[in-house]
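If you scroll down you'll find the structure; I have some questions about it.
We call the chains A, B and C, going by the order they appear; numbering starts again at 1 in every chain.
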Amino acid sequence: MPAESVSTRPSRSGGSLGLTLVLSEITVLFRRLRTWAMIGALALIPILIAVVVRVSSDTSGSGRGPAFLNSITQNGLFVSLTALTVAIPLFLPLTIGVVAGDTIAGEANLGTLRYLLVAPAGRIRLLLVKYAGAALFCFVATLTVVVTGAIIGALLFPVGPVTLLSGDTVGIGGYFVRLLLLALYVTVSLLGLSAIGLFISTLTTIPVGAMAATAALAAVAQILGALPQLEWLHPWLFTNYWLGFADLLREPIVWTSFADNALLQLGYIAVFGALAYGRFSTRDVLS
Amino acid sequence: MNKNWRWLPAGIVPAVIVAASVSGTAVAEAQPQLPAKTAQELLEFVATSTDDAYSGTVEQSSNLGLPDVGMATPSGGTSSNDPTSLALELLTGEHTARVFVDGPDRARVQVLDELAQRDVIVNSTDAWSYDSATNEVRHAALPDKDAAKAELEARLQQKVADHPELQDLPRTPAELAELFLTEIDPSTEVAVDGTSRVADRSAYELRLTPEDPATLIGTISVSIDSETGVPLGVAVQAKGQEDAAFDAAFSDVDFSAPDATIFDFTPPPGATVIEAPTVDEARALVDGKDSDLPAVPTAKPTVIGEGWSTIVELPAGSASLMGIAPGSGEAGMGEIMEIKPGMDPEQVAGAQALLEQALTDVDGGRALQTSLASVLITDDGRILMGAVGIDQLVAAARQ
Amino acid sequence: MSTTDFAIRTRGLTKVFGRQAAVGGIDLAVPRGTVFGFLGPNGSGKTTTIRMLLGLATATSGEIDLLDGEMPRDARAVLPRVGALVEGPAIYPFLSGRANLRRFDAADRHTSPSTRTARVDAALERVGLGHAANKRAHAYSLGMKQRLGIANALLAPRDLLILDEPTNGLDPQGTREVRHLIRSLSDDGTTIFVSSHLLAEVEQMCSMIAVMSAGRLVAQGTLDELRDEGTARVRITTPDPLEARRVLLGLGLAPEVHGRDDVVTAQLSVPGLLPETVNTALVRAEVRVRGFEASGASLEDRFVALTGEGFDVAG
């Protein structure tokens, strides 16, 4: 074994912003086969919808089925919207549950948590970095659905200026701007769930438990949101504005749901971030 | 080594959020201090209001004691152009609409549904409606504005010439207000009932209380913007009901002219465009001259009573025209709705189930009772309605 | 010695889980520059102590000084200078060995990204994993994982290494390499704190040791001090057992005669009495000695006495 070949003292300034760890987190997240499997599954949603509509075209569903489904045959760009409508209630929360539930519990399960903390990563910094990774996944997951939808739609159907909900039409360029806004909206929608997942993840060393609990909470919130008897509760549910993304497809754009949604999600981030901090900063890492 | 303080944020953050939302509500509910106005002054103020360009969001909610249509229709409350279910839908639940107004002849109303939208656009030349769920456009070309104005003016002049007493029509807002108050006085108490905050603006509350004991209507409150005199909201209270039976108010409003492009509309590609008959065609239709078009019963509705307890009676045949089969009392849960060509059978079934739920058998027909109004469908196909109890309708139907 | 002369110093360090004290008020003192053995049977509280030293677990009571700071308060300043292997290695199985190390290195905000590649490669070479650096870590053998764990502790120049059971899972060759590595690091001036349940291992590497038993620190000092504290034994094989017994009695010892085998044994219970003195006395008394065996270095007896348990000497 050679003697110490690098004798420089570690530089005390490099990477103190924590950017290196964020990059490392992203690398680790996207080097996992599991992450790509989930992204692949999400990409399958628009592909499946587009292919089914193409194969069984001519027999229009006359107003039934998910929103925008009937517009696909006229304009392939609507595949993104139909796929989002389908993915938002179930598939997106499921994948977010997996990623957010894994954040701390996964590291604890592998035992790598203790080496990150001894490095030292700093507990608050690690929480922030983990959350940033989960948030990025939310964006990538949403973007996957939107972009795959646009591509497969363009391949299988005619594309052209897109009719908005208000009956106005926008060109393809304007539509892509809206799709990007849409992806942002859905990403923001999922941030509250990610914060909940992060907190649950600090409670256990069994990642599967945290993932299941997070995904189950998303389902429970949607069920509560469907009960008219609990109307007073609805504005407080993190799922309340999930389907409000349609407000970006109106002309002029309705920004209130975007703002209300952002505020609500921010509230969830604050509450569950504080809970996660309370738990994780006092917790003994024994795994 | 006590680390328990690290749980402090987890306690403080929710407390701050709750406190912020509570105090936010308190601020919104605080009554603004405004110079006192009498009812007459307030009405004058409304009549002089010149702000006729604005845009805003209107929140409307109904609590008439009807089941929610949204739950009954398939695919989760998508809108429908079927007039019966459309009307029923607006009478139940909550709706949000955006309103753009610029002058007397340019307006756009957007009813914002979940993942869908209905638009009505009126500009100087055309009237459009668009439903995103069905991708249907309805269009009506408006008659030339100047010609229509001239015609109206001419007719008015003719009327005045025929009826000399109309010379004394009120001309000023003050006169208008006075006339309104005198006309309404015996049946209704009109008062200014303090102030409120609507759409983050201070407003006067004008309250109308019917003196008629027969009517179901308790009070009608109109919120009037203290700066512009534009009505910002209206709420109707049923007798003996705590919450407003009908409530529509701006949640935000902006008194600047909306972007002119908002009032332009071109039917989107692929949409079904249904042309409405022109004014002349419509007249022909009403007169029954055009044999290609289905005949419309020409008998006019009868008005029974006066004031708040007025009952309107539609003649026999009206019920079937609206897609409602005149049910017989004995038949009970028979087919209420007739399925007509072009209707979605599922939607009809949904609406029918809803009606079955809402209708009760009464002597001589079936009746629908809401907290503000009642409807009676008699066995012989007449429809009676009014802001009164079912008993009064039944009594009126017998006469 | 002042506080800063110690790399690790604890006072009354206690950890209670539920109602059971896993660590009960220990006072460790690890001087700088030593290779310090932390010895104790499995479950005696060694790993819990190490977790507290590194700020992974909070002490129920007591104080910890680590290098120039106090834990866990100064963790941010102190931990970058500490390399650690705690309760075995932990890896991301889906990453290569090199990517694993890059990940852990990135977690330390003080390390420089520009030297990362060089430092990771150097650490891998140092533990002999250079050839397997790009292999997925899930394909690593137990020994390779252990080496990767040690490499992680060596990513940056350290003032203190805390190695929990560093030779676990290693073959004899690997064990020798680790011993060699520890010696060379110690020569560079690094303080090394090695925990082990293997007496032999600690004896070969360490100049100082501390012994844990059932959550308590039962002994602490240099190896020689502990040996001296321990009572060595002499075992004499002689055809004249009674003569030998008389000589030993004369030296103030309490010999036992095992008649059948012509063996006399005695504990060297007189302070300062060395085995060679006993031998000289026997020769002077013309006792015929066929065999003389002094087991004065038997730490094992000492530890059995201290911990009440036998050590797994063979590993």
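Convention: a contact is a pair of C-beta atoms (placed from the backbone, for glycine too) under 8 Å apart; a residue touches a chain by one contact, two chains touch by 3 or more.
Since this is a predicted model, take the numbers as computed values, not measurements.
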Pair of chains whose C-beta contact count is the highest in the structure: A-C
From chain B, the most remote chain by mean C-alpha position: C
Return the chain label for which the distance between chain Cα mean and whole-protein Cα mean is smallest. A
Taking the mean of the C-alpha atoms as each chain's centre, how many Å separate chain A from chain B? 40
Using mean CA coordinates as chain centres, what's the gap between chain A and chain C in Å? 49
Report the inter-chain centroid distance for chain B and chain C in whole angstrom, where each centroid is the mean of the CA atoms. 86
Each of the following residues of chain A touches two or more other chains, namely 282
Chain B: which residues touch two or more other chains? 3
Got the chain C residues that touch at least 2 other chains? 58
Touching residues of chain C toward chain A in the complex: what are they? 51, 54-58, 75-76, 79-80, 82, 84, 86-95, 99, 102-115, 118-119, 122, 125-128, 152, 156-157, 177, 180-181, 184, 188
Using the touch rule from the top, collect the residues of chain A that touch chain B in their complex. 62-65, 67-68, 70-71, 74-75, 85, 160-161, 163-169, 228, 243-244, 246-247, 250, 252, 254, 256, 267, 270-271, 273-275, 277-278, 281-282
Note: in the complex, chain A contacts chain C through residues 1-12, 14-16, 18, 20-21, 23-24, 27-28, 31-33, 110-122, 125-126, 282, 284-286
Which positions of chain B touch chain A when the two form their complex? 3-4, 6-10, 12-14, 17, 57, 68, 71, 74-75, 78, 98, 110, 112, 114-117, 119, 128, 130, 132-135, 137, 252, 259, 262, 265-271, 344, 346
